[in-house]
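What follows is a set of structures for review.
The two complexes that follow have chain A in common; it is paired with chain B in the first and with chain C in the second.
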Partner chain A sequence: MVADLVFYLFAAVTVAAALGVITSRNQVHSVLFLILAFFTTAGLFVLLKAEFLAALLVIVYMGAVAVLFLFVVMMLDVDFESLRAGVKEHLPMGLFVGAVILAEFAFILSGVHVDEAVQTNAANIPNTQLIGQVLYTKYLFPFEIASLVLLVALIGAVVLTLRKRKDAKRQHIPSQIARTRDEAVELVKVAPGQGA
Partner chain B sequence: MPVQMPDINLVTMLPEILIAILGLVLLLMSAGQDAERGRKVNAMALAGVIAAAALTVVTANGSSFGGFFVVDPFARAMKLLMLLATGMVLYMSMEYMRDQKFDGGEYQVMTLMALLGGMIMASAGDFVVLYMGLELMSLSIYVLAAWRRDDVRSNEAGLKYFVLGSMASGFLLYGISLIYGTTGTTLFTGVATALSHGHISTATIMGVVMVLAGMSFKVAAAPFHMWAPDVYEGAPTSVTAFMAVLPKIAAFAAIFRVLLIAFPALQSHWNPLLQLLAVASLAVGAIAAIGQTNIKRMLAYSSIGHVGFILLGLTAHTGLGYQSVVAYLAIYIFMSVGAFAIILLLNKAGVGDEIEDYKGLGHKRPMLALLMALFMFSMAGIPPLAGFMGKLYVFMAAVQSGMMMLAVAGVLFSAIGAFYYLRIVKFMYFDQPAEGAFGMELDFSARAILTVTGVVMLVWGLFPGALLSWSGASVKMFQ
Partner chain C sequence: MLENYFPILVFLAMAIGMAVVMQVLSFLLGPRKPDAKKVTQYECGFSPLSAVRIPFDVRFYLIAILFVVFDIEAAFLFPWAVAFKQLGMIGFVEMILFLLVLLVGYAYVWKKGALEWD
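Then we have the complex of A and B:
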């Protein structure tokens, strides 16, 4: 009973926040609504006993992704009015695609048939522990590939943005080490009264 | 619960391990200040690819990580094709990369990582591994497409490919999650067992459709082809040549594995979809290419048409059909690499990508024009070239399975498509060249690649026996 109430509360706030994301005029408000939607979705995951996903959502999406969005919105000078310009023309198409996807969801849900055998977490082990048990054993291979995927993303980001500027000040260590006293220090004989 | 390690059988994964380590070593090398590092990295990358190909040939059948990674004759054949394609593209782009200042070494690292992703896809025995391989390959190619970062069109190509590719990955993942949700496993063989007995729910079928949509995007089958012409046109030519071959082999290998190993029980559901994709791709490939003035865009549409033929062979579902798919892929690689080698060569000499720019090539450089005509005739499917053999076997498979209508459609679109291939030949031979055009030097690598691909076109067209027995052996396991 209480769980039902909590579910409807979280669900209602999620939907309202999602609407807020696409309707608010101020884009900073949009991002804040998005964070709210992430948070209430995390609540829904807790209700589903998927506490690991809930934690991931809070840490990764709210903590990192949303903050990144905020940075982009506030630091880059994106003209959001011009982005919004074509909405009226594209609205019917958007609504149509949305309706199709909604219909597909309904179609899928109407025919869902979950085998008893599929629900394997009978031992009531917390799912964080379950994931921990398989991530570095059963799923070691995909995990290793994920490390390469991240490496590729890293190289890509550097390669596509690093610019070798001519006027950049650069440290050249060999020439620093090769410096001798002769070229670095000059002794000047200053006559009394002639200094300054 | 005690911790259980899966059976790790590293010997079966040696080619992949070699490519991965090589990529990391080359990354370290490219961080150096050595001005000649591009040349060294390229030589090492090539040597590594050849070594990996040799390892692939000798690797025994087997599986690793509890069936996540599978080596069988089909995986070996696909990996060999990928290694061959990557090796040829790397070799022929060497001079071009130096001209374009791509020779920092990271370019080769990205190429090797894309190759690794493709090889993992060909050996995947599990949806999670398939997805990770796909991402590794795609992410590397997104970056490669945007490599010329001061060029707006290259940036556009990379960004467009990235945004649309992420969407396709989303579809694929959603499909995988539906399949996992209804069958309780991501292992291909496990999914097949779960589906073989008992109720098949709507959600599973939706999952298959979404996975198929995601893979169709990667091979650029119509109607998921919209990105291809823009990306092919905008990306640097060496990258276009690479992405015309590698992702297609990898994605077709994955389609084979998913459909024939995980979902044989749902064949009545996915086969009509494949037929639809095949006919749509044939139509787009033949008709949309006619109006193109840019040769890279034209080859993009041409590759969509070739994908249609390959899908047609797949829908036949006979030993001959699968065999024709592998043979067609092999022929396609050589045709495509040969044609792009010439474009690359002309690009280097300052010749643009417009078809008009090829005016009079036959008068100035008869050998080059002859080879280009050879590749174009082969793509159009004119005997006695290899492209004809590929199409012939696809049609034979289609007719054998009673798909008369599809075979007729294929022949019809093939005839329409011949027009734009022949138009290039017309420009090369029947128009006068501009003053001082086509004065480039032919370096050794260009000569070697053009000789090999040209000879292959003729040999496989006249004596297709070896190709057919090889491709037949590689798909025996699916019958």
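Then we have the complex of A and C:
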């Protein structure tokens, strides 16, 4: 009973937040709505007894991905007025991209199937363990591919964004420690009246 | 199982309720006499010089994306650790492979100096 109520609450907030993402004028507000949508989706996962996915959503999506989005929004110096002006010209393209994404979702959902091993054991094995048992045996290949994808992301990010400043003064700890008193300090005997 | 989450639900309701009550109360009870000076952006006492939204340095983005990658790597470790006994030696080897690939990335990032600010 309470679970039903909480489900409808979370579901309603998720839909409202998702609408907020695409309708709010300010991109920062969009990202904040997105974080809210992630959070309520995590709540829905908990209701489905998928605690690991819920934790993942909170840690990875809210903690990392949303922050990344926020950085991108802050970094791009977007002129809101010029953005708003081009809506009519960009509408066909936007609709096209939206239709493609919708078709992809429909395609994935039509082919969805629950693994038998998961289905039969779902009641008595904790879901994190169940994910582990399937992910690292049956889906071993996609899992190892994921590491390569992450590697590509890592290298891509460094290649695209790393700029070394030439003029910045850096510490060079070994040489700083290796300095001796003799090379660092010079004692000078100055005669009275000759100091200037 | 869901009963275990009831305290969290109560906590959530309290937190949201408290925030809403405080906002609403201050909205209803607080005096509001806005004038031009009061509602402009505050910039250390002088009139605002420029827009507040200035673009971030791209280096923040690099730090964030490195964090995301290693965050996901850590996330993959959790189900592996929980199902470790069932997976046996094969599971151990494949996780080592997974970590090795990312170790290459880590070495690259370190060598490139992307972990340092300047």
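Just so it is clear, the second predicted complex is superposed on the first by the 107 of 196 C-alpha atoms of A that agree within 3 Å, B and C clash if a C-alpha of one lies under 4 Å from a C-alpha of the other, contacts with A are read in each partner's own complex, and residues count from 1 in each chain.
To be clear about the criterion, contacts are C-beta pairs under 8 Å (C-beta built on N, C-alpha and C of every residue); 3 or more make two chains touch, one makes a residue touch a chain.
All figures in this text were calculated on a predicted structure; none of them were measured in a lab.
When the two complexes are overlaid on their common chain A, residue A:68 makes contact with chain C while staying clear of chain B.
Touch criterion met: A:140 reaches chain B and chain C at once.
In the superposition on chain A, contact of A:128 is made with chain C only, not with chain B. Among chain B and chain C, the chain that touches a larger number of residues in chain A is C.
In the superposed pair of complexes, A:104 makes contact with chain B only, with no contact to chain C.
Within the superposed three-chain model, A:94 lies out of touch with both chain B and chain C [touch as defined at top].
Residue overlap on chain A between the chain B contacts of one complex and the chain C contacts of the other covers 133, 137, 140, 146, 148, 151, 153, 155. Against chain B, the residues of chain A that register as touching in their complex are 104, 107-108, 110-115, 117-118, 120, 123, 125, 133, 137-142, 145-146, 148-149, 151-153, 155-156, 159-160.
By the touch criterion given at the top, residues 2-3, 6, 46-47, 49, 52, 56, 59-60, 63-65, 67-68, 71-72, 74-77, 126, 128-133, 135-137, 140, 143-144, 146-148, 150-151, 153-155, 157-158, 161-165, 168, 170 of chain A touch chain C in their complex. Chain C contributes residues 1-2, 5-6, 9, 53, 55-56, 58-62, 64-69, 71-73, 75-76, 78-84, 86-87, 90-91, 94-95, 97-98, 101-102, 104-106, 108-109, 112-114, 118 to its touches with chain A in the complex. For chain B in complex with chain A, the residues that touch the partner chain are 1, 3-6, 8, 20, 23, 27, 64-66, 68-69, 104, 106, 109-110, 113, 116-117, 120, 126, 128-129, 132-133, 135-136, 139-140, 142-143, 146-147, 149, 158, 178, 181-184, 194, 198-199, 201-203, 206.
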